[in-house]
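Structures given as structure tokens follow.
Two complexes come next, and they have one chain in common, chain A, joined by chain B in the first and chain C in the second.
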Partner chain A sequence: MTTVPNAYLSSVLSGEAAAWPLGRFNAAGPLGWFHQLRADAFERASALTVPTVRDEDWRFTDLSPLYRLAFRPSRAGGMVSGATIASLSLPETTTRLVFVDGQFNAALSTPALTGNVIVAPLAGAVSDYAAIIRARLGQIAPIERDAFRAINTTYLNDGAFVFAGRNASHPSPIHVLNIATQAEAAIHNRMLVIAEAGAKLTVIEDYVALGDRVYCVNAVTEVDVADNAKVRLIKLQREGSQAFHLSASAARVQQAGQYRSNTISLGARISRETIGIELAGPGAGCELDGLTLINGRQLADTHSFIDHRAPHCTSRQLHKCVAGDTAHAVFNGRILVRQDAQQTNSAQESRNLLLSPRAHVDTKPQLEILADDVKCSHGATVGQLDEEEMFYLRSRGLPESQARNLLTYAFAAAIVDRIGIPTLVDRLHQAVMEQTRTKDSL
Partner chain B sequence: MIRAGAPVLLEVRDLRAKVSGIEILKGMNLTIRAGEIHAIMGPNGSGKSTFAKVLSGHPDYTVTAGTTLLDGKSIFELPPEERARAGLFLGFQYPVEIPGVANAQFLRLTYNTIQGAHGKDELDPLEFDDFVREKMKLLEMDPAFLDRSVNEGFSGGEKKRNEILQMALLEPKLAFLDETDSGLDIDALRIVAGGVNTLANANNAVVLVTHYQRLLNYIIPDYVHVMEGGRILKTGGKDLALELESRGYDWVAAAVAS
Partner chain C sequence: MSSALQNLIDQPYKHGFHTDIASDVVAKGLSEAVIRTISAKKGEPEWLLAFRLEAYRHWLTMTEPAWPNVHYPKIDFQDISYYSAPKTKKKLASMNEVDPELLRTFEKLGVPMHEQKALAGVAVDVIFDSVSVTTTYKHKLAEVGVIFCSFSEAVKEHPDLVRKYLGTVVPTTDNFYAALNSAVFTDGSFCYIPKGVRCPMELSTYFRINTQESGQFERTLIIAEDSSHVSYLEGCTAPQFDTNQLHAAVVELVALDNAEIKYSTVQNWYAGDANGVGGIYNFVTKRGLCRGVNSKISWTQVETGSAITWKYPSCILQGDNSTGEFYSVALTNHKQQADTGTKMIHLGRNTRSRIVSKGISAGHSSNSYRGLVQVGPRAEGARNYSQCDSMLIGDRSAAHTFPYIRAQNSSAKIEHEATTSKIGEDQLFYFASRGIDAEQAVSMIINGFVKDVFTQLPMEFAVEASKLLGLKLEGSVG
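The block that comes next holds the complex of A and B.
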């Protein structure tokens, strides 16, 4: 087999990355397990091949533009002003971790360390809370078969650690703000969220960029939802227009736990959200709302996998794509109902709107049911705006173009509204407004 | 109120219309003058809602014959939005839900559009908020409905109130209210009817499509029309509604046939 030269891969797997696990590796020290995790990841990353369009899971998402580029590991020193932080922060949140090019920025952050809630950088937490972290880190999003996760884990030296102990909750959403500032940087963000039994957490995982540079974010988020716990993850991807954003988020939900996510993808030249939810305990549930809103030459791919492993679980998913210009949206939603997962209740809907004749969407809901006593529905529509809604608005005097804009906006805004954090909803409405306004309108 | 010399607001002559290739309206004739209230009754499927949609310009319906003048001007060349700006309002039998559009935003947009069309001042969100809250009082509507998406999750009766709220804001010349009373509880019926009565004046006109004479106890019609098979079979005064209530529709067709 001939291997096509891959500038991306050789750049991220040479130099520092290659040197680190060997140079500092210390299996006997207190962080031996952590060093081992990284060393194993490096080994996996070197052995695995990165995906191409010949892989079924990446059929529509051609990463060759990424593979042609060389990156360098991101460094500290990215400049972010207080004014920038002020414009990106939310009055509804008091707890914030800021990562600039993947490096924790203590000056801009407001961690939390109350009795039973910890929001802190992972670098220190791996020593302080080794037992809690060791059992989860790299376990919920395993690296065995995924080159990007393995690369991320190779670079794992910091990240966000969010923990709520038994029955604990945090009074406000936790904002994890990831800011990209450097050109050609390979940024490896990491987050671990743990909600112990009965705990409640809302986390905003926010990706933004200063300036419009070429860089690559490869992020991994793991979420552990224990019995009766509730976790809400709001993921906002607002990367720069030349960026690459590859993200894996994986959640494991135990008995009667609830996981809810809102995934909003607006930015990046090429982005991929790989979402994996494991409903591991009886009565667990998940609700996934997604919005992809792209134009220009953007490509945004969402692959989700909901794994019903236990009885009496529920899952609900609504994913919407709005694509303009020559943008390309991909949605692949796989739901597996295993044999033991009796009394499953699952509904999945993929709704898509194309704003230009050259925009396109590939959508594929996939339902595999191995249990016999289940209630499952799924469907996909790729369509135009609703005729009756159009007529209703026009019958109230709105010109056709304005009615069209309003409905396009509404199609997307309906997902944004579900986030429920007023300042964030307002800001996203603004972004949606700008992206859905066509040229011919007022 | 019937006034012989009042200007004609709507003049429908021999109107025929089709949907999906099927002729539904088969020669409608109707004249409405300023100040009048008309009720249209008739069995299910007789074409009442079709008539409303044809008047307001629903794209699925094709006019095949006849004329309709609103305020002396032919309307069939106009897209729906221009008919609305010319003063036509349709209260929908089934108001449409629009998730993602806040009701307040929608109401302000339509209000300002119609105001703009009449060369009148538009209102900014704050001014509009005061204005719309006043109108909502008239209908005893909770201001919380402003913050929700248009009609989304509204009960049947709440949707109908929201329709009348729009009528109150837009002050149309001709309001065509398609079964605004169905789905309303007894109190809501009284409130909505009170709202319509407040809005009706010597310069406008109201058409009420209804199945129940009860509404007509609150809003007294000047004319009651019976529609069947896509045309008006019989026209009478308010007593006709009472007669229909007790005798049903069959005798009307029989009387016309003989």
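The block that comes next holds the complex of A and C.
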């Protein structure tokens, strides 16, 4: 494949030299492994080409608008007021890490170091907990074949580190708030979540923007779920309307571990969620719920891959897309059941609602099954609101537009309700209602 | 249970034999000269040669597709003989003049040529390798104006019709194998149903590959004029060979206003032995164009043979209110690989499509469903329902589902469902408790599994299909 010259790639890779705040490369020092990880990633990123629509995985998501733009590494100094933080924080959470343009902001954060739970910036943690981190960082989301992950790892100097030791749990959800404030910034957020055997964690990965600027978030999240551990990841993507959001989240679930995720994508001009779940131990399970709610000229792409590697694992996935105006929603859900993964139980559903004549959706649920003793199903629908439900509401005196908004809202809100954190659910309900109310023309 | 299943799975290919008939074979290799030779041998008009050469020149610029979920050694396209015809010196006036060896072949296959008339209602255009040897029931069809003949005959006798429609559904540039076929196709079937005619009988073609190492490049073109109706059957068996054979056919269907075409296939080409040696490569492009309003094209296929099956009978629903259907049973065993499915391209208003696909994989085989349902921006009120079920027999087989859904119109309604399952111990136990042994139970379960598709087959074919499935999986499917 020929290399396409592109402004994005050359701008992010040329900025690499400036992105070594930990000091120059030092393979012999105590952080030699960490430097090496980044150096390898840089080498990989330089060798890889960025995906185009010619790649099957990116067929429906044309990133050429991104490639035409040049970005610079995000700088420290983005201003976020206490009032803003207050409006974005949740009363249910007491532990919070705030990253402004990818830089940790200690003044706005409330880290935790209680008993067996650590919630801290990664920059310090790589020294303090080197043994724990070294075995996982960059291991769960491999960079070999993914240019964006390699770029993220090249720029890896800080991020969120969330750790729960054996049988530990944190009393409240952990809020990792990522705020974008600068124009033309390339922001590389990173998160590492580790739940040791029997531990329980809930993490809210939250992306918001101040002002409406062009910037690019390229985030990588790795989650390690040990035997019998339970991790829940709530991902909220509320980027600015001109932003690009590329995100990879990868989870590895060991024996009888449980991983749940709720992914809500509302913002960004072009967004991509790449979700990879590896059910590595017998009896592991995952539940993925996703909602994409877009309008205007937005494009939102969700690619998930559930890899059943061990027997007796279960997976359940429900993804809903609501697209208005000329928005374009993409869903690709791949489920692989390997030969040894007997007694697998897997169900996947993709539900899509088109609100305007020019909105469109591409969905591709994929099943690849190499074991015979399995129960797998998937379903996909594309449609409109139910005529009978509309009739019922109108017979109760609701005008057509209201009836339509109400049903659309209900379609989307069903996913939001599964988040289970009351304040957050309320706020998302508001957001969903606003997005589904605006359009009366149909 | 496992031994019973093993027995079912290990049924040898029963149609494997090779007929010794002297063939007129062109030397191996592909070049413009070979294409000119083929064209000259067949006495073709200039425009058809131009069509072939254009396709060949485009083919040279193309690369073999790598995206299907199948694996095979690279094909050497220069190691294939592109033309072979049974030696027929003169036109045959009656069945008696046909080579007795050939007749015996058909008898072994269970195609009782001399009993065709008694079989009532089935006209068979027999393709033996690449040249049609004989065509029956032609006169009866001619009475109502139906043209049903070999492709070469159609080129000679109905050049205007062929020229008007050839390549309009599958252009020469469509894909690698379609381009190859357009360049070197030797013969095939042509069918034309005039306005308002309901074809009085089901049209049937038996394809047969005979000469070792000769690729088969069939071309089928069916045109249904306004308000006409035709049901077309295609069935395949092949002798047992050691060398892989490439089959790259192209089938084009055109349905005009209110016309209906029903195309049924039973495919049982040699699949290679239990170790995957030999077997046919079946890389086929089949596509129907619902050009007129209220037109309908229905594909039914039963795929049990071939080492590799790679085909997607598709419908382009261009006319308003047109309908496309796809019913498929794909059975793979031993080391067979199948990547098959359909494309439903909704372009007109209120177009409807229905997909029912049943995949059964046993042994070390791999069975993939790959489908596309696309609703264009102007296809108001389009509706699709898809159902893809897979059944796995044995823990070394694989089943895959790759449905693509593209909706570009908000009034589209698309539903896709897929399940994968195996014959469960509990099901077999239920049968056993009713006094039915495992072998019978498996056959009943499989028959139930494929029933939705088999009911779509014409009567004669349903019986044959059931037989083929039986040959493949067990000894006594009813």
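In the analysis below, the second predicted complex is superposed on the first by the 422 of 442 C-alpha atoms of A that agree within 3 Å, B and C clash if a C-alpha of one lies under 4 Å from a C-alpha of the other, contacts with A are read in each partner's own complex, and residues count from 1 in each chain.
Following the convention adopted for this analysis, contacts are C-beta pairs under 8 Å (C-beta built on N, C-alpha and C of every residue); 3 or more make two chains touch, one makes a residue touch a chain.
From a predicted model like this one, the values you see are computed outputs, not experimental measurements.
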item	value
First (chain B), second (chain C), both or neither touched by A:S377	second
First, second, both or neither for A:A197, with chain B first and chain C second	neither
Partner chain(s) touched by A:L354 [first = chain B, second = chain C, both, neither]	second
Which superposed partner A:P365 touches (first chain B, second chain C, both, neither)	second
Which of chain B and chain C A:E388 touches, first, second, both or neither	first
Which of chain B and chain C A:F411 touches, first, second, both or neither	first
Comparing the two partners chain B and chain C, which touches a greater set of residues in chain A	C
Which of chain B and chain C A:A70 touches, first, second, both or neither	neither
Chain A partner contacts - residues on chain B that touch it in the complex	56-60, 79-81, 83-85, 90, 92, 95-96, 98-101, 106, 109-110, 113-114, 117, 149, 166, 170
In the complex, chain A residues that touch chain C	56, 339, 342, 352, 354-384
Residue ranges of chain C in contact with chain A within the complex	67, 375, 377, 390, 392-422
Residue ranges of chain A touching chain B (in the complex, touch as defined)	386-389, 391-400, 402-403, 406-407, 409-417
